[in-house]
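Order of writing sets the labels: A, B, C, D, E and F. Residues in every chain begin at 1.
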Amino acid sequence: MFTFYVDDDIQLKLLEKRDAATLFKVVDHSRSYLREWLPWVDSSTTPEDYHPIIEMWLNQFAKNDGFQVAILYRQEIVGMIGYHGINWASKQTSIGYWLAKGYQGKGIITKATKALVEHAFQELELNRVEIRCGVDNTKSRAIPERLGFQQEGIVRDGEFLYDHFHDVVIYSALARDWK
Amino acid sequence: MFTFYVDDDIQLKLLEKRDAATLFKVVDHSRSYLREWLPWVDSSTTPEDYHPIIEMWLNQFAKNDGFQVAILYRQEIVGMIGYHGINWASKQTSIGYWLAKGYQGKGIITKATKALVEHAFQELELNRVEIRCGVDNTKSRAIPERLGFQQEGIVRDGEFLYDHFHDVVIYSALARDWK
Amino acid sequence: MFTFYVDDDIQLKLLEKRDAATLFKVVDHSRSYLREWLPWVDSSTTPEDYHPIIEMWLNQFAKNDGFQVAILYRQEIVGMIGYHGINWASKQTSIGYWLAKGYQGKGIITKATKALVEHAFQELELNRVEIRCGVDNTKSRAIPERLGFQQEGIVRDGEFLYDHFHDVVIYSALARDWK
Amino acid sequence: MFTFYVDDDIQLKLLEKRDAATLFKVVDHSRSYLREWLPWVDSSTTPEDYHPIIEMWLNQFAKNDGFQVAILYRQEIVGMIGYHGINWASKQTSIGYWLAKGYQGKGIITKATKALVEHAFQELELNRVEIRCGVDNTKSRAIPERLGFQQEGIVRDGEFLYDHFHDVVIYSALARDWK
Amino acid sequence: MFTFYVDDDIQLKLLEKRDAATLFKVVDHSRSYLREWLPWVDSSTTPEDYHPIIEMWLNQFAKNDGFQVAILYRQEIVGMIGYHGINWASKQTSIGYWLAKGYQGKGIITKATKALVEHAFQELELNRVEIRCGVDNTKSRAIPERLGFQQEGIVRDGEFLYDHFHDVVIYSALARDWK
Amino acid sequence: MFTFYVDDDIQLKLLEKRDAATLFKVVDHSRSYLREWLPWVDSSTTPEDYHPIIEMWLNQFAKNDGFQVAILYRQEIVGMIGYHGINWASKQTSIGYWLAKGYQGKGIITKATKALVEHAFQELELNRVEIRCGVDNTKSRAIPERLGFQQEGIVRDGEFLYDHFHDVVIYSALARDWK
């Protein structure tokens, strides 16, 4: 119902309790695809699992600490994007995203991410936006690279994925460099 | 940022902490006008008063219990509208609204209310929507009447306004009557 | 233990945890009778169901927001009555009640309700007391009518009862009319 | 409103927020008298101080952990009595009380205490009731002694009173000895 | 990890979540021995039972209300000791302890208790420390007696142990008597 | 009282409410020195400011989410060190520290940090420990470098210090590299 307009094809939607079934279906459908890079996929086993999570996401928004939203592509949920908390003291945040199988190559994540970066700098008046990607996750890395983010380093064993650690690249954009 | 599209001129926006100053300005500007029918106007004395209130409104939304949102008219905040809680057991809610001085006669509240009524019936699958207006508040009463709500009764001394009680009319629409 | 004296036969008792078994027995005994007009009967399946509910009722009382109490008739629990929250801003409340099968015709609810109405006006200094009854619930409607309440309107589909909505009449008494 | 009947002259009343002013007046009137044996008198400086305390007392009751109630003597508040928590695991509680200046010698505390002891054994099914009094507080000690409590020991420096410690006698009654 | 040094053999350790398995093993091993005088032994049935309890103990410490700690003897957990809450208003606390079977006769509890008594008087600036023991628990009573505590009385039926009450002796030490 | 032994000169101490005055004095004494690299110094204006902070630190410990502790050097508080939260899912944490003016050059922070790194790998079974330092904070950077941490990147504008952002270097150690 409440959406952030990116362009005519893409909007970002605050999820509500009644979206749990749809969200679950999207995740479930891309399960093995998403599992390669996302640590939470195995713990999503029923639509009801999303009831407390959706409430938690909305509470994050209510506390002015960022948000997690669905990406709508032509009115359908095809992924999620969000700010993982906001550090108001140091005026920074980081962005995470995932896209269901079959929607790659349409610029969906690039456009959604660009919208959130601009929102962070212009509306939230933050100074720094960070994106972290698995070193070997080329699709994910393409996003910050395409948007002109700068690579700052590699966090060794930055994340645990079911049975192994993987390295994570840090990218960032600063407000002063964003035209 | 997150808006509900009504038409090209009118959108409904979830208020965030950084909207407090703007919201206060709108209320403050129409203070004597709004005070005639709204009981909370005198307690709104500084922009900061809205910080906990905005968080409370977002918590209401997070709990799946309705919401209070700003009405944007051509990108400007000109009033508010919302569901005062949702009774899921009996599938009903009620709608309240106010409009700043100077924006009357453009159909803004009528269109916003119509959008929320339709959302209640179609998306939330509720059965009944109620609107309560001061008996002598002709501008407010025009809204449900224009939308085909049915008058059901008059609640004597239904609300206390600073120094007197006033009577309140109950209007309602039912899902089965809504085309 | 803590009771509100109505007359020598009738007292209102704050329920405590150890009353759960007795209360359950009373409800269980009148189950099909009560189910006709009360929406919560089916969810009362064991005495233990009342432990959190009794605590919730006492918390309502502790927050100065009304109370739900047992009606004692000659020292036995025969029903319940209470204020459904108190709107201190508009100085009003509403009263609800039920009586077990077999105790009708003794004026129990009429006297208990009258006591709560007087308490609301004289002790709580409220201005308005509301009672809502199913349109076809003639026994329930007889109470406010006998006490001189005024009918104000009919809330269409005001309550959902297991598998259907039913209409609800609003009655009220105002402090200034109460002699 | 909600009272525990002791006899025609004496009832025990659950205090509500609107009793704060009356309770304060009683304490304030006997201030120097009460201060001799009660550690909390100096912290009671305005009627509003009792708002959170009364809510705390009602929460204690709601949690099934005892209560603190006013003693009404001929419909007037003349003191307080209560159970200081209930140890359900070891089935015991302790009783505390105070009486305003000018009401001594009427058996008020003796009767109220006796009622609470009987309630503890018969209704709450506890096994042990304790009363602690200052060693030199002869008026207070007379209560358990008159009721047949047994003295069990002296807690040295058992309580701090503004500027000095004083010794405290422990008395108890057991359910099996209570006729 | 965080320990209170008593002597080279004995330290007191704040338990953390990862200690649950070890603590359980110690209790389980001495189950019938401990059960004679401790009321909680039967409710300790799995290591996981200790997760919420250890968090509760650390919360007690965080609230500045005493603590419950493991007794390490030559780096092994052999029992527990602690302050059961602190009454800051009357500057007093009480100490409880238990020791696994097989470690008696080494002065472990005596030394640990002495350390806590001194800590209470010197660091916490309390005035009174109480120890309560079962009347027939000679091993437990030997501790306060050896440390020069004074016996103050006998609490009849002071504690319920599975199927019977037993009497409890009160011992105390006062700061002014402690050399 | 509860300390983590590093060596005979250095221990790490869980701070309690009664340590607030001492901690404040240490910070206050090094105020201009600490202010160069620490963002919180200006908000520390009275000893009482530390009461809620110390409780918050102990709650962090109680939730098994790391801790903040005082560094004792020859029994005196000379700084603090701690884990800033623990990411149990990805088995990592980060360490922060500060040292009062006048205690540099004694290896105090190096030894304390080494102890926490070892504790993280051996006791907490974490996989990765991170340390972040201001790029120009040579004293701080010397610690991870001396301990063989590996530099992974530079977070541009990583922290806001009163009136400017500064860049932050990320160092890390992994469990498998730690001998």
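Just so it is clear, a contact is a pair of C-beta atoms (placed from the backbone, for glycine too) under 8 Å apart; a residue touches a chain by one contact, two chains touch by 3 or more.
What you see is a predicted model, and the numbers here were worked out from it, not measured in a lab.
Where touching is counted per the definition, subunit C and subunit D have no chain in common. As for how the two copies subunit A and subunit F face one another, over half of their interface residue numbers coincide. With centres taken as mean Cα positions, subunit C sits 31 Å from subunit B.
Averaged Cα coordinates give subunit A a centre that lies 60 Å from the centre of subunit D.
If you average the CA atoms of subunit B and of subunit D, the two centres end up 51 Å from each other. Residues 1-5, 12, 14, 16-18, 55, 58-59, 61-64, 119, 123-124 of subunit B are the ones touching subunit A in the complex.
Interface residues of subunit D facing subunit E in the complex, by the touch rule stated above, are 39, 89-92, 127-128, 130, 150, 152-160, 165, 170, 172, 174.
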